[in-house]
Amino acid sequence: MAILRYNFRSEILGINTNITVCYPAGLLTTGLGYRHPVFKDNKLAYEPGMKFQTVYVLHGGGEDDTIPYRYTRLEQYAEKNMAMLVSPSVNDSLYMNTTYGFKYFDYVTQELPVVVQSLFASAFGRENNFVVGMAMGGNGALALGLMRPDLYEAVVDLSGGIGVTLDREEYIRSLHWHFPKVRETLLGEREFVESEHDLRGFAEKNISDGVKVPKIFIGVGAEDFIRDRVHEDYAILKNLGYDVYYEEAEGMKHDFDMWDFYLNKALSDWLPLKRMPIYPR
Amino acid sequence: MAILRYNFRSEILGINTNITVCYPAGLLTTGLGYRHPVFKDNKLAYEPGMKFQTVYVLHGGGEDDTIPYRYTRLEQYAEKNMAMLVSPSVNDSLYMNTTYGFKYFDYVTQELPVVVQSLFASAFGRENNFVVGMAMGGNGALALGLMRPDLYEAVVDLSGGIGVTLDREEYIRSLHWHFPKVRETLLGEREFVESEHDLRGFAEKNISDGVKVPKIFIGVGAEDFIRDRVHEDYAILKNLGYDVYYEEAEGMKHDFDMWDFYLNKALSDWLPLKRMPIYPR
Amino acid sequence: MAILRYNFRSEILGINTNITVCYPAGLLTTGLGYRHPVFKDNKLAYEPGMKFQTVYVLHGGGEDDTIPYRYTRLEQYAEKNMAMLVSPSVNDSLYMNTTYGFKYFDYVTQELPVVVQSLFASAFGRENNFVVGMAMGGNGALALGLMRPDLYEAVVDLSGGIGVTLDREEYIRSLHWHFPKVRETLLGEREFVESEHDLRGFAEKNISDGVKVPKIFIGVGAEDFIRDRVHEDYAILKNLGYDVYYEEAEGMKHDFDMWDFYLNKALSDWLPLKRMPIYPR
Amino acid sequence: MAILRYNFRSEILGINTNITVCYPAGLLTTGLGYRHPVFKDNKLAYEPGMKFQTVYVLHGGGEDDTIPYRYTRLEQYAEKNMAMLVSPSVNDSLYMNTTYGFKYFDYVTQELPVVVQSLFASAFGRENNFVVGMAMGGNGALALGLMRPDLYEAVVDLSGGIGVTLDREEYIRSLHWHFPKVRETLLGEREFVESEHDLRGFAEKNISDGVKVPKIFIGVGAEDFIRDRVHEDYAILKNLGYDVYYEEAEGMKHDFDMWDFYLNKALSDWLPLKRMPIYPR
């Protein structure tokens, strides 16, 4: 696997920011001279114009773009599934446009894909883009998929729960948590309904408008303190008619043992990946 | 400007290696929605499929891919000239295939361009690729241009002199320098003539074969200890009929004051750059 | 010079953050075996327990900890002055405790020095610590010095002006600038007087309490759009009785030509550095 | 956990090189104000002068200092055992002084510890330093421990086998392997006995001189292609009278599943670590 950290100025955020990008380059070779038989000696050819299906991997609360790659064996899971990975860094914004001016949702959904698809070998089109997140990033992944169903073929929410939610009562409760970044970031209880922080509104509108929605996968540890909230998001989606798969991991908690195991599962089993580069015709 | 360090396994070297890559992203915007008027509000549109003319920047002896970006203001010079930069790291190999098995010349000329053009937005074609080097990298740039004239439109050799040379007597002398890496890396005096370390052989063959050769720019400080050797490379090229420009900088030595000033000059004045991205039609 | 980027979780911020750290390692040698004659062959010995005087370098608005090292030749200026450099990354917070919960001022003044002095070879004591900033970082440096005069021996404000200021009327005006991060970050006009965002209050209290204050250096380009505001900060400090030096650079603007030149001047001429490591007795 | 990559010029190598360093900073807090009760709220105080026991982690063939941190969950294993980690990058040199002039053994054993103990919070003294390696790094760890028994309290060799060995016949065979870097790096069959590449010579001399030697742990997968060679190193050491522990992992091969599992075991169970910082008195 091959990795880079790209440092650039985001126009939407107005600041320099970092993304981590991984390529499945360990399976590529220059030795085939731009011809691309399928896996000669287990290798595929490099070729200008080639693209990779792209999985956006969203870090959890208090973390940044480097953590998923350091605390799990994610690079290896991506390589064997021939996917490219991209991780933004969102400064505990819950992947939302914050009330204090930093528009992280717009950055991740409007600016980042354009930058990544222009400067890196990332395939465009909804069918080639996926989003997976852990903890705060799990909710982020769910929000991205419900608010921009045109962008992602499938969504994986692992142990979500901190941040926006489909359960409006739970949203209000979370404004009073001991984790103050929720209320400092999100709209208050009198303002949030039908706002850009109200996931329920988006989820219902997708259904009523007959919009094509991503396939949704939700995983949570049976011992996770946030298990009920994650399950409730699942139940609401199911009830609304979403194609949603839910799996509860026996004996697992809210930690990197869970996420290391489920990132492999998400990339190897759940996501409908081609597991091949997309070559120019 | 925007920068990344990419860590990947080179097949030809057989090891993990780093490259530094810069994009002129400070002049790009997502706000134009893939339409690309020329410099609206001084910005150009991102667009998937866009490519940048690429300048390979070669570090000097004892250095690595990070040094040119840290010791000069190179990123800013590249940005205002809308060029992408790529720097390999060559472990004091003089940019040659070493006698001890590491084929750095093959890596830089065969593998690196394919990797860079496949995974990054680097334009292909000789007319879009350039090579600039300082000190050991100056000789490296000269060698790349003479040995692979099909790859580079123009070459800039700043303060070259350590490593291969067009002067065969000087080559032999350098095998006895106090800098032992020259003799540990290059072929000995009985073997090097007409070998892959004999720059003179390549330079003469290009002319006798009528090969299209890169435009060559050579700069050196008038006070540089290596000035005479650099000038001799120039004189030999001139004599052979190469299109070569030579400039001696009054009062300048073999240091980053010289290279900072001349990297700007090379990018802004010398190299025949388009100073625009190349958009897909 | 030698550089690292350290990625760690800040307790005060509650998130993973990056700092860039430089050591003047190019002038150090292991060849002296822990003995430390002054500059044998222009080198000084490494020795466990050695410490370096430390200059905190504060980036400007929209930037991060990497920018000063990439856009200027700062590493070389620090090396020849045998200083260690540390740069935090503050996400456009104006180096203040923000109204939305991120306490960047506390992070930079309470947590960062402890982390740096515990994990790196940074000398403690006010007499060994300095702070220099550019643009938003210039104001940051001024604020750090006035609000924590016990921490820094001297302060350099280059082209400050965005953020907190000594001029309360100007503070209020800046809340209405087109740069909305000022009002999203700082307390409003009815709340800020005598608050932690009111630099004037700290500046006056230092004098009335007879506190030992840092030597202050202010530099600004004569053509800088923010020149008047920087000059006003200078005039107020002078009037209050501070030991403050002011220099206006003819023909210079608010850009990295100015900062590259003045970072060298600050490190080489202005700051009262020892220009030697501090060895254990 | 907290991580950095330090880029500096090695005097012994004569080039810029990278090391990766990890601190167990996730268990440290500034909130205790330099007082250090043992694990208040599961945290320990930062304090200038504190030191960490240090485990040098040696990468395998074709890899570099970043790989162990990316391909395993090593940071977490170090954090829970309150150890600091340091990884050099050795360019396929087998951790030896190469025949072509790069003295990697001297770099890793003479220069690196001085640099690390001078610039970072690494404890000195043999009792606080350990070395662990995988594959080529496994042999490297064994070689470091046998050739410099004064430096390391204990050594862990995981799946060693490429490079120097205790079995002189096997050494000669390996000069003819399809992996040519062995013969390009090491002394030939007529020269190596009693040379700095002859591990057997060092191993015997330690015993005959009555030198205090490190505790040695060897682990290898039962299905590893190199299992017999690793076992032979074990058998020779045992026979010579070394305190050596050997463990063969059922069903495991020469890959990161093995190394991820055994790095945890080495740090958590095998190495005689204090699992506490060392505070100044």
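Residue numbering begins at 1 within each chain, and the chains themselves are lettered A, B, C and D in the order written.
As a working rule, contacts are C-beta pairs under 8 Å (C-beta built on N, C-alpha and C of every residue); 3 or more make two chains touch, one makes a residue touch a chain.
Which chain is which protein? Per UniProt: A, B, C, D = Alpha/beta hydrolase-fold protein.
Bear in mind that the values here come from a model prediction, so they are computed numbers and not experimental data.
Enquirer: Could you compare the number of C-beta pairs in contact for B-C with that for A-C and name the larger?
Expert: Of the two interfaces, B-C and A-C, more C-beta pairs touch across A-C.
Enquirer: Is the contact between subunit A and subunit D built from the same residue numbers on each copy (over half shared) or from different ones (under half shared)?
Expert: Answer same: the two copies use largely identical residue numbers here.
Enquirer: Please report how many Å separate the Cα centroid of subunit A from that of subunit C, as a whole number.
Expert: Whole-Å distance between the two chain centres: 37.
Enquirer: Touching at least two other chains at once: which residues of subunit C meet that condition?
Expert: 3, 7, 9, 66
Enquirer: Under the stated contact criterion, what part of subunit B meets subunit D in this complex?
Expert: 7, 9, 14-18, 62-64, 66-67, 91-92, 98-101, 180-181, 184-185
Enquirer: Give every residue of subunit C touching subunit B within the complex, in rising order.
Expert: Touching subunit B from subunit C are residues 1, 3, 66, 69-73, 75-76, 256, 260.
Enquirer: Touching subunit C in the complex: which residues of subunit D?
Expert: Interface residues on subunit D, with respect to subunit C: 2-9, 11-12, 21, 23, 25-26, 28-31, 34, 46-50, 110-111, 114-115, 117-121, 124.
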